[in-house]
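Just so it is clear, A, B and C label the chains in written order, and each chain counts residues from 1 on its own.
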Amino acid sequence: MTPKGLSMKASRRQVLQGMGAAGLAAAAGTLGSTQRASAQDVTLRWWSPQSSPAQLAAYKTQIAAFEAANPGIKVLFEPTSDEGYAPQLAAAFASGELPQVITHLPSFAVQTYYAQGLVEPFDDVIQAIGTDKYYAGANDVYKAADGKYVGTGIGNTAADMLWLRRDLMEKAGIGDAPRTWDELRSACQKMQGNGVYGAPLPYGLNSMTSLIFIGFIHRAGGSVFSPDLDVAIDSQATYDALEFYKSMQELCPPGATGYSWGESLTAFVSGATATGIYAGRVLANVNAQNPGIADQVTCVTYPTMSSDIPAWTFNDFPSVFIPAGAQHKDEAKKLAAYLFQPPGYIEQLHAAPGHVLPVLKTIAEDPAYQNNEIIQKYPEEIDLMAASAAAGHNLGYETPEHQSNAKAGEIIASNALAEMVQRVVLSGEDAKAVVGDTAKRLEELMNS
Amino acid sequence: MQRPSVGSRILVNIVTWTVVLTVAFPLIWMVLTSIKPQSELFRIPPTFLPQSITFEHYWRLLTETPFLNYFRNSMVLSVSTTVVVIVVATLGSYSLVRFRYRGREALATLVLFTYLLPSVVLIIPLYLMMVGLGLSNTVFSLVIAYTTFALPYALWLLRSFMAGIPEDLESAALVDGASRIGAFVDVILPQALPGIISTALFTFILSWNEYLYALVLVNSDSVRPLTTGVMNMLITSFNIEWSLLMAASVMMSVPLIIIFAFLQSFLTRGFGAGAVKG
Amino acid sequence: MSFSAVARKNTDTLDRRYAILGTVLIAPTVLIFCSVILYPLVSAIYLSMFSIYTPTLEGGWVGLDNYTSLLASGRFWNALGNTLVWTVGTLVLQIVCGVAVALLLNQSIVFRSLARSLILFPYFLSTVVAVLVWRWLFNDLYGILNHMMLWAGIVDMPVNWLGAMPNAMISIIVVGAWKYFPFVVIAVLARLQTIPDPLYEAARIDGAGPIARFFDVTLPQLREVLTVIILLRAIWDFKEFDLIWLMTGGGPINSTQTLPLVVYQEAFGLNQMGMASAYAVTMMIVMLAFMLIYLRQTRQKESI
């Protein structure tokens, strides 16, 4: 940027706002603002991409209780989506028309926004919830470079478990759950047929493909960044992961080239694929929508390339945070802390049992939490997911040795990794060249 | 003209109706899907006609989802846009057709130019303008945004309707001592009424169907219209319920079906006037 | 003062008063045009010379850098290529189907007005609804299209309609044609009904068969209306956003990514508002060619 450019930097916002003000008559402005100011109560907007009907019902109960306890505050829940929140929030941050509380976004997204000065420090809310109620280290992923917390976990999610059907395995003569990629591939080959596909892996140009594929790089013994956050993707592990991922495509439904979370989940739940890759929501959905296979469903950690490589679980560490530009921050903090209050919080967790796992040990031990049909029906699966999620990682925090990566949110939003997968798998381009390009792209994004 | 044989007439009928039904098939399939129970959708091979008919998806749509809320927003938005645009465009097109002043020709060309302008060029400055004015996330901001495509469209349509009204009628009224405004109200408006209705319907449908501006300018459920609201329901990560989405699609098209059933001649008239003749 | 001079003076003032009235009536239009169309248009050009980070709206002046890097990037040329493939593909299909169906509907068939309504309906349908319906038809596992083709033995594996090339481009072209060809049907049908019968009689007497009659009589009569339709639809198809964005999102990779999609993604996916404006302005410049031809065409017709 030229020196002249730098001198203009400070006044950009004013320039843009002036641009708007000059454009329309002042009358228009008053009309708009009177519309907004008409509400006398404080209205808090709450966004979350987790909004299944059962979860919505749980939020509603929590909101009603919160509103009753805090007269004068209204809470409006608004759903967003895993694939849609990035552009929606970019527009919201730019316009200043922000929700007050945002939940269930991945931890790395919050870190990225915090690094840009868009997120309110969360330390006092964590204290209000009770620091000693958390599992030890539960909030480590939310620690920013400046020592403050950028948000807190509202739960843990083991997002890439391998879901299996015992009946199909038996029919195909498969005794044990696959532990390596070769075993997984041959199991899928055996179970494919009669309109059933092997696996619903995502190949779409979207965040799920990026997030899931990072796991495959780790399960081949590699990583996207080195612990000091140098780009480390150009490695044999990535080539191996791409090769395996490519070999799996013929075992996936044809539409997998556009799959994201919803399609992938529906494919397994409806019985169209023999394996699944998803979090605990599978349990609730199978029981509600396809009870015929409910007794046959189980999960294990996703296989690695060879048995000497340890498992790696993707935990997005679903978060709670408050945007720095939001109005009514005190009320927002009150609401954020209230979301962790036992009866409501437990109902919220029960809305998707095993999907969002508790981060407060006081809750996990609470008999009221244990008192749930699905949690009692699948104790092994739930325990495995809880243990895997607790040891889980994501791009913001790839391994315990890694520094926190404040650019992770932007890297996922850029779809750079999903594009790499598509170029190799769908277009058949040379993996080495594509990974080289991707490494360059990642460096650009890290330095931007 | 020589009469075509009975055989060829039957053939033409069969071919035409096959084509028509093929074109209409996606819509028929939409309605059929919306009344099938969820379990029937996942059957392989799929059933063509529903084995059991259910209206539970419609019921759930109306009671468990914010559909009615989006519907109301869309209604408020489309009606406001239509009213604003029709009032401004009726006066404007009358002036463009029947008055002489400097810049009139240039203005007419400008109208035509903006009629062709892509929204995507205006969207970023408009977005920043709404942010600057503190209007983002209001119905008002969408009404303003929608005028950018609806006003040129309405002006162009009404202009050709107005031009079709014989000037003698107005002159006669003026000779009888009516004022220009009086003549406009008594003579022009009644004559132009079918054209105005037709333009209003087009404007309403355009606003009802708009997606891009609603996607960018609005992020709250309290103002979100149907287009972006229903799309939001699709891209959730927990479940994709096609029968619910098809029910939403049918319900979303209800205003259109009503217009088609009762006011279709106005739509065809609009086509004849502005849209094609240019 | 002579009588005629008084009369002239009166008409002069009347003319002036009418001119004022005309200006007053057009004033709201001009006001709205200037504030929400012209002003944003100029702003778009201005903004395209900045680098602006969307969430914070901060950035600085970069002059023409956005344009030079845009023209040097494969992204722009790829998107332009896709836009042209999409526009030409869907336009050709719309015109061919539109004329064919108009010819059919011009015959005497039973329930003609019902047939016409059914044909016309997709044009007025919301793009969101059209996309939902077609994505359900195209669904890989439960879509009726795949099952019908499997059943008929045309394919032995379900077809990946939207996630592979060239299927994805073909699919959106077909859906685009389905949605927009009714426009052609109605316009052509209106014109067909005004072609005088004696022209056909004369051709028949000359021994022309149905095909020859179409090329010798019908097509020349349709030429003018077809020119207008092609120009209009070319402009509208070129700027289509909703349908492509919602059908494929530009994928697989970027094979269906057209210019309007790039504008949206630059602004809100990659958070580069200045660059997005540069794309938008460049796109408009490309379109300007079509628009000018259309403007000239219309002006010519009006002057006749």
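Here are some notes:
Keep in mind that, in the parts below, a contact is a pair of C-beta atoms (placed from the backbone, for glycine too) under 8 Å apart; a residue touches a chain by one contact, two chains touch by 3 or more.
Computed from a prediction, not measured in an experiment: that's the story for all the values here.
Look at the CA centroids: the one farthest from the centroid of subunit C belongs to A.
Chain pair with the larger contact count among A-B and B-C is B-C, by C-beta pairs in contact. Between subunit A and subunit C, the centres computed from C-alpha atoms are 38 Å apart. Work out the mean CA point of subunit A and of subunit B, and you get 38 Å between them.
With each centre defined as the average position of its C-alpha atoms, the distance from subunit B to subunit C rounds to 15 Å.
Within subunit A, the positions touching two or more other chains are listed as 16, 19, 23-24, 91, 94, 270, 272. Each of the following residues of subunit C touches two or more other chains: 36, 39-40, 43, 57, 139, 141-142, 268. Looking at subunit B, residues 42, 44, 125, 128-129, 131, 144, 216 sit in touch with two or more other chains.
Subunit B meets subunit A in the complex at residues 38, 42, 44, 64, 125, 127-141, 144, 216, 219-222, 232, 235-240. The touching residues of subunit C, when paired with subunit B in their complex, are 15, 18-19, 21-23, 25-26, 28-30, 32-33, 36-37, 39-41, 43-44, 47, 57, 101, 104-105, 107-110, 115, 117-122, 124-130, 132-134, 136-137, 139, 141-142, 144, 147, 150-151, 178, 183, 186-187, 190, 197, 200-201, 204, 225, 228-229, 232, 235, 238-239, 241-242, 246, 259-260, 263-264, 267-268, 273, 276-277, 280-281, 283-284, 287, 290-291, 294-295, 297-299, 301. Listing the residues of subunit B that touch subunit C in their complex gives 1-2, 9, 12-13, 15-17, 19-21, 23-24, 26-27, 29-30, 33, 41-42, 44-46, 87-89, 91-92, 94-96, 98-101, 104, 107, 109-114, 116-126, 128-129, 131, 144-145, 147-148, 151-152, 155, 180-181, 205, 208-209, 211-212, 216, 226-227, 230-231, 234, 242, 245-246, 248-249, 252-253, 256, 259-260, 264, 267-268, 271-272, 275-278.
Residues of subunit A that touch subunit B in their complex: 16-21, 23-24, 28-29, 31-33, 35-36, 45, 49-53, 55, 76, 78-84, 88, 91-92, 94-97, 195, 260-263, 265-266, 269-272, 281, 285, 289-290, 352. Of all residues in subunit C, only 35-36, 39-40, 43, 50-52, 54-62, 139-142, 157-165, 248-254, 268-271 touch subunit A in the complex they form.
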